[in-house]
């Protein structure tokens, strides 16, 4: 049977992959995608808990997280474009005026 | 008027800051007159303190107490006893004379210079009159800041290094001291359920031995660095040498006394058990004797006139701490008197270096020689200062050192013997210095044209000489005011030793 | 839930409503008026944003009067306004006010005079309002994002400057990462409690086995995200870059406003839901605090850029504030409040002087190098003297306000028996003094460089300087009313 | 049984997509794999009776954010980004974090999971209606706040992305 643990483990795996992605990738867009994975992991947890506890609040929280993810992505990409205008790279490692 | 006399003396320099800051920076003469006027007024206003002081009364006089930060139990609580009185008088006098000595020595950024001196003066007075530990700590720290600037802006070649070294060293000591104060404050609150920084009430605190050790040693660090005692003295030569003359004078004459005063006023009464523990006393006495001998030996090797005077401070202040930790009446009273003496004589010695430095811009001893022929008046003044510092009878240094040695002798003959070695060495390096700079033939042609003391310089030296002779010939009034407070401290420590 | 929008809701929402409405209007002003007309109305926009702050101040005052020390819970537990929240909100208000006052001239020099800037500041403050008042995971999360997103944009506001772009991007990436972690942690906390209210989470934690893995993981991840936000070591790497690259007024706002808000959240979290787990997190916080003080102070010594130096010093300040939480007694918490209060004014003041260094005469390129402040005392004695006051206060020397913050922290450590920590913390005061006085040395004893040290002052600058300096000195000399205020705020 | 099969299928989709997202060299490929992963998660939402979230996931993420991502990837210099090395030197850090998180993971494993009951809304309404009820009553405040967040994001993105005109030299 599928239990909430299954969801939690899956969420943890996704969060883990996302974290590794954030820490190791140098392409800014891919880092952003990895962060989306962590957010999705959170959403999976919330949905699973919502069902386990019969609490719709979990799903409501997930809706908020998705909305926030949208907002973050658009701002982030805006910043990226602004940077790209001044310097043609999307490599986080090459952003070197300030020490990383 | 009289019931606020002490506050008036304390805050007058800060009030004087207002007109000083309003004078345009290019009116140098007005600035100088203003600063000197304020300092002179400060000295004159402090005279009634001495005249009205009742030596027979126990406890503090001229006390004032006002709420300041009730929620933490800090109050504006000031007052003086005999110990404070002497140091306050020394401060107001030296403050004025140091300012006067800057008249022609400093021509650069005058407004800032005098403003800093006024702040410094208020801070030092505050340290000596505070009867609330929070207030005391605030004044203690306030003193550091103007001195940093005075050394750093108007100092010599390596002024930046000397200034920051002085600042960091003394600050490190004083923040640790804050921890000691806070521990005491907390212990008192635990015992009486009242949070207060009032010295009189904190004296009633009972502490476990471990806690008292912590309090004692944190306070010790703060005061020992200020004095400075032997292993903590390394900031002193740099600061003294690099500071402008007035800065050195104030630093040596008054600021070092803050440490000695701290021992007498706070360390001994607040932590009587630890201060009277044999190993503590032995340690501190050993450090003091090392300071006396080491300071004197280093003096013998100096080529730099000012550095020599600086190291002589280390040696002389060793006497002061030795006396204080003899823990008997003679020792402590002698320590306080010697603090004043050191203020007078070392102040004079630094002023003397200042006089020639202003004329020749060199501190090398070898740059001078035979000055007695060129500057006879100066030679006389220097001779008096030298004898005073070396402890010649009929001058102040003899009284202080003799009393301290008597106090030390009562505790340990070995201490007294070793310390008297310091007296001999002091005579040696001072006489040798005098010989090299003043006596014999004029070694450098350029020195032939040096002016002798002018009226202003006489005015600076005369009060100091007068005070030196007064203490040397008739020290009784000084010991009279010290009798009650010192007796109280001795009894308290003896009570703690049980 | 009987009524949709109660009177309590209304009272609790007022300041946020004021901030949000003024913020949104200003944010959209350029879209509505057109760029040219908006540019012509610059002063009106400044006036409008100040009006917004005035209205906010009035509503906060109203709340303060109406509550009188009680706690007001609104929106069925989503937010609660109490002394704690009000205290922090006054700090946020002061931070925005000073930021706006110093921004006008700065933006003029940078040629970025856009209305959105002021709107974003007000909206960031709106987000902070919910960080201080929020008692519900969702509200806190959304409020945090409102603040953070506004800051990402503000940090990158100098679009023509590559350093500003890069700072924004780095701050954004790490900020979003920490937000994602926080979301993940929150999701687990929700699972433990079955509710998003902090109150329920606190109850759940008390009734649950402490070794419940979900709870532990949730708490750990949330704690990491919170430490990210206050830039405590080892989660601090974004701060120096963001501080350096951002427009200086934004640096000021970021270093005090965002930090104070994050601390408000951290305090609420560690004291309310996590209060029961004190024994578990205390050693970790000790480690983080000591690391922050050490790394912050040691790194600051080697900095040659003023803003970077202040960034590292602010990391060490975060360490000090955490020590108050480590002590955790009444004094410690009061210390946190007082420390945040004095740090706000002092750091604003110091960065204000740095912002004032930027002038048209200086020409292009943000340097804010230590050399730029060299010889300042000769040309602008007032600015230099006040900078000394700010630096003394940052170092924590009496008689400036900064001493009081340190005083409470030290006292609380002694009261709770953390003597060794207290000794370490005091010795770092001496270290900090060394690099702060490096700046003083440049100002007073350095030679005035050719291009540097001409303050571009404006009315707003001077007013802001007056506010910050007065606060630093007055709190230092006569702190009684402020201490009473901090005390009343926390002891509810 | 069917539930389990669906769960594993979607989970496989989500994990595979995620792994490939963070390992692909080409950012466009990463984006496409992210879509796969997000779709997998969307399927799981459906399975866990979060129909509304399923729709939001598809429309907002896959429809909105991904298009945005792809747009930006195309806009910035793809060829050059491809040639640059793709991984930073932070592997040890990443490994440590992974180990730590792996520990958390096993910790979560140990907890005996509850069998998921079907969700039962209080008023016999659909989950979406229920969600709306709670959203607009209990979470009205954050909902309004979120709209401000989105406004900030919108204005901010425009502000950042548009050219600085009249740039003085």
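Note that the chains are named A, B, C and D in the order they appear, and that numbering of residues resets to 1 at the start of each chain.
In this section, contacts are C-beta pairs under 8 Å (C-beta built on N, C-alpha and C of every residue); 3 or more make two chains touch, one makes a residue touch a chain.
Since we're looking at a predicted model, the values are computed, not measured.
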Centre-most chain, if every chain is reduced to its averaged C-alpha atoms: C
Gap in Å, rounded to a whole number, between the CA centres of chain D and chain C: 30
Interchain centroid distance [CA atoms averaged], chain A/chain D, Å: 6
Centre-to-centre distance between chain C and chain A (centres being mean Cα positions), rounded to whole Å: 26
Centre-of-Cα separation between chain D and chain B, whole angstrom: 71
Touching two or more other chains - residues of chain C: 138, 141-142, 145, 149, 152-153, 156, 159-160, 168, 214
Residues of chain A engaged with two or more neighbouring chains: 4, 8, 15, 18, 32, 43, 48, 52, 57, 60, 64, 68, 71-72, 75, 78-80, 82, 85, 92
Pairs of chains found to touch, sorted by chain label: A-C, A-D, B-C, C-D
Chain A-facing residues of chain C, complex: 137-138, 141-142, 145, 149, 152-153, 156, 159-163, 165-170, 172-173, 176-177, 179-181, 183-184, 186-188, 190-191, 194-196, 214, 237, 240-241, 244-245
Footprint of chain D on chain A - complex, ascending: 1-10, 12-21, 23-27, 29-30, 32-34, 36-37, 40, 43-44, 47-48, 50-52, 54, 56-57, 59-60, 62-64, 66-75, 77-82, 84-85, 88-94
Interfacial residue positions of chain C with respect to chain D in the complex: 1, 4, 13, 20, 23-24, 27-28, 31, 75-76, 78-79, 111, 114, 116, 119-120, 123, 126, 130, 136, 138-139, 141-143, 145-146, 149-150, 152-153, 156, 159-160, 168, 212-214, 216-217, 220
Complex interface listing, chain D residues touching chain A: 3-4, 7, 11, 14-15, 18-19, 21-22, 27, 30-31, 34, 37-38, 41, 44-45, 47-50, 52-53, 56-57, 60-61, 64-65, 68-69, 71-73, 75-77, 80-81, 84-88, 90-91, 93-94, 97-98, 101-102, 104-105, 108-109, 111-121, 127, 130-131, 134-135, 138-139, 142-143, 146, 149-150, 152-154, 156-161, 163
Of all residues in chain B, those that touch chain C in their complex: 68-72, 112, 137-138, 141-142, 144-145, 148-149, 152-153, 159-160, 164, 167-168, 171-172, 175-176, 178-179, 182-183, 185-186, 214
